[in-house]
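Input: a single structure, listed below in structure tokens.
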Amino acid sequence: MSSVTLKSVTKSYGQTEVIRGVDIEIEKGEFCVFVGPSGCGKSTLLRMIAGLEDITSGDVAIGGRRVNELDPAQRGTAMVFQSYALYPHMTVERNMGFGLLMNGEPKAKVKAKVDEAARILQIEQLLDRKPRQLSGGQRQRVAIGRAIVRDPAVFLFDEPLSNLDAELRVATRLELAKLHSQLDGATMIYVTHDQVEAMTLADKIVVLRGGYVEQVGAPLDLYNNPANLFVAGFIGSPRMNLIAVKDGKLPDGTALPAAAAGAGHIGLRPDALAPDAGGILSGVITVVERLGDADFVYFRTPWGQELTTRFAPGTAGGAGDAIRLGVTGKMHVFDSNGQAIPA
Amino acid sequence: MTTLTLRRRLWLSRIDYLFLIPGLLIFGAFILWPMLASFYYSTLDWTGFGENAKFVGLKNFTDLLHDEFFYAAFRRSFSFMLMTVPIQMLLALVLAIILNNKLLKLSTFFRAMIFLPVVTPVAVIGIIMVLLLSPFNGPINGLLLDTGLVTRVVDFLGSPTIVLWTLAVIYVWKWTGITLIYWLAALQTVPDELYEAAKLDGVKSWQVMVYMVMPIIAPFAGVIALISAINALNVFPLIQSTTQGGPFFSSEVMEVYIFRTAFAPASGQFPRLGYASAAGVIFGLSIIALTIVQAILMRRIRRKEPTHG
Amino acid sequence: MADVMTHKDPFFTPRRRRQLVSVLLAALSAIWVYPLVWMIFASFKPNSELFSNPGMIPDAPTVENYVRAWREANISTYFFNTLFVTVGSVVITSIASALMGYVLGRRPVPGRFAIMGLMVFTLFIPQGYTIIPVFELLTKLGLGQSLWGLMLATCGHSIVVFTLLFAGYFTQMPKELEEACRMDGVGPVKTFVYVMLPLAKPIIVTVVVMQSLQAWNDFLLPLVITLANPAMRTLSVGIYSFKGENFVDWGGMTAASTIAIVPIILLFLFLQRYFIDGLAGAVKG
């Protein structure tokens, strides 16, 4: 268990800069998730921590020790790959123990470690199988097992759930959360493009875009106080309604509360809206999604923007109905540069 | 600091270079070096042994231009190629189309039978053919006489007028199996859905072949033709083990000529390694030229249909 | 003009047509392998019968041809020479081409494209072009009169094709496998031996099979190298010389030939798939 510190880290391939000066502080035992759209540099950053990519400039420290020049194997990290990268010709047991065996660990000790990891992951009955005889979820466990066996200071996960089907993804997500506490709170760094995974798993989320850190914080922090328009739009499902405003007025001229004076955009989460005959937002329903526990209503505003709101189950009208909504929750306000203006 | 220097990259790859050593040694010693050395040898007047090599410049090449045997052998090599490659490719293609039918149960067995001559050593084929085609008690002649197809024995390998054709037939028999495999590999790239879709559309099977399968396997045809052509130019083992270029040099192809000049001169003559090397250089360059022409042609054809990756 | 639906003769159902094709193919196959079968039968006929009995089946089967060929015509020596050259060249070629293919296929080594280009350029060089320098080189190395020299030179024939086969195969393997090894602290040599090589098993078998075929059947190279040294002949050259030296002994020749083809045909029949895959891979690449 170790802390991980990134200080002014950059990475270039020739002329193209993909990581543009990143500072991140990850505490001991923290579950930290790097999230962002594809191409934001999150996987590259993870691979730089692992030692699979060179660091162009800046420092990476693990447990207070600078590791820039260290071999991947000496950094005390273990990685779970997106494709799992299991050795296809080896049994599960050998897959998990391979690294240790090759480094001269005694067989009995390796066996004990593999058995222990298999017990934690409940894959004891699979130890004699080859990867191709396993289901996707089982392979995933073996890949995690291979990391556990190494007893690393830091676990690195590179989109480990993206090859699983939706149902299994949810189940495995829960398993991972349990695993984190089971491993006495090992430090874990987890890369994903799925903000739901980030919200549910993380102690700390790092939102990345275009090689920059957009915001760092606890999941609810990011949800409640997004630092900018990008984070506001990225975190939360369904997405926050972002409306461009001018001179404290909506595009259709409706005046906004005083808090929005000087704002470039306002942001309203779907559940911050409710039917209100005197509300500021109006529109025509285009689609209603009835999920049983809630109705999501998509409606078109007079200025042609599609917005989302949430109704109690069975209370929404149908497509074509006109609605009028008032603001019942928090209104996020962003200046003309997209930065949040604190309420 | 940003990009690694070449020196550091070389140092980081030191184990990779270690891995390359055995392969490069073999490649260098038995392929690359001989290619270059041939050029040097071709400028020598040299009987092969001792220190008697004498530099003669391009004399070997000018002499070759006046050597009837060289001309004849050179022409014969390429005629042999033209005599065999089209037949071999066509025959193999027809067989491949038939054998590619998944419903044909014994397909693998037939393929193995056609392939058997490919794995048979050429020296053995030489023996079999000399015996089978022998004008004295040879079974083939016996059969032909019995059925009345001929009235006098045919000396298949002993008559200057038909020997090359006989060899061409033997050659096609030996190597059709390999061309068949190439065609089958090409046909396997045609997706099964295509046949099924065509069947549902009521397209006749010959139409499927001509309009759908042929265009897909056409790019392979170039490669297969090239491999077959080069193979047909390297026909030394077959000819040496059946006729040794005879009778009266009438089946002497380039490689037999090179071998005779360099290693097996007529009694009373010295081996001429430099001269033979010069012949080899001309032959090798012609083959490289053929390869390049073929590559350019194929690229041009491919450029015409940009849909094929 | 006639109704398209009834145009087809109902006699030729697809199944009937397949049966007819099968019969034709069977006939073709029989003609195709006739020379080989004839030879095997002939090897069991005494010489006297070979000239008098035009039928295939021997009247009085005998193995005396084999005894004579094996003992008197030195076929036993040639057999073991061939075995030595084949096994040795297979071992060396597979190791060398696998190592080189691995590096050229997926290691970011400076200069690998230059090496690849050079190799492809030499792909179609005929043996007749290189035989003289190869012979000279072996003589200079003092290997011109040894089976070791023959074995080494035999490795050269297809090393380029095999290397390209390995390179093509290794190129398409996921790079995460090596990264996983790096994370585990497994060095490049161990990664190659324990992870990459076992995964390349299909290519290894293909290379073994094809190099065996090549070495066993090779003719020009052993012919040139053993010109002055009959004791080193391989089966191919031995049989060829047999024909020149004992032309009337048809029985001996067919027996010697049968000895030469049986191992390679057995190898082919058992490992057919790998022959086919190897060749198919070569043309696709």
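Going by the order they are written in, the chains are A, B and C; count residues from 1 in each one.
Just so we're on the same page, a residue touches a chain if its C-beta (ideal position, glycine included) is under 8 Å from a C-beta of that chain, and two chains touch if they have at least 3 such contacts.
Nothing here was measured: the structure is a model prediction, and the numbers come from that model.
**Q** Could you pull out the chain whose C-alpha mean position is farthest off from that of subunit C?
**A** The most remote chain is A.
**Q** Taking the mean of all protein CA atoms as the centre, name the chain whose own CA mean is closest to it.
**A** Most central by this criterion: C.
**Q** State, to the nearest whole Å, the distance from the C-alpha centre of subunit B to the C-alpha centre of subunit C.
**A** 15
**Q** Distance-wise, how many Å sit between the C-alpha centres of subunit A and subunit C, to the nearest whole number?
**A** Here the centre of subunit C sits 56 Å away from the centre of subunit A.
**Q** Please tell me the distance, in whole Å, between the geometric centres of subunit A and subunit B computed from their C-alpha atoms.
**A** Those two chain centres are 60 Å apart.
**Q** So which stretches of subunit B touch two or more other chains?
**A** None at all.
**Q** Any idea which subunit A residues touch subunit C in the complex?
**A** 50-52, 71-74, 77-79, 81-85, 87-89, 98-100, 102-103, 146, 150
**Q** So in the complex, the part of subunit C that touches subunit A is made up of which residues?
**A** Interface residues on subunit C, with respect to subunit A: 174, 176-177, 179-187, 190, 194-195, 198-199, 201.
**Q** Note which residues of subunit C are touching subunit B in the complex, please.
**A** Residues 14, 18, 21-22, 25-26, 28-29, 32-33, 35-36, 38-39, 42, 50-51, 54, 92-93, 95-97, 99-100, 102-104, 107-110, 115, 118-119, 121-122, 124-134, 136-137, 152-153, 155-157, 159-160, 163, 188-189, 192, 213, 216-217, 219-220, 223-224, 227, 235-237, 239-240, 242-243, 250, 253-254, 257, 260-261, 264-265, 267-269, 272, 275-276, 279-281, 283-284 of subunit C touch subunit B in their complex.
**Q** For the complex, give me every residue of subunit B touching subunit C.
**A** 6, 9-10, 13, 15-17, 19-20, 22-27, 29-35, 37-38, 41, 98-99, 101, 103-106, 108-117, 119-132, 137, 139, 142-143, 173, 178, 181-182, 184-186, 188-189, 220, 223-224, 226-227, 230, 233-234, 236-237, 240-241, 254-255, 258-259, 262-264, 273, 276-277, 280-281, 283-284, 287-288, 291
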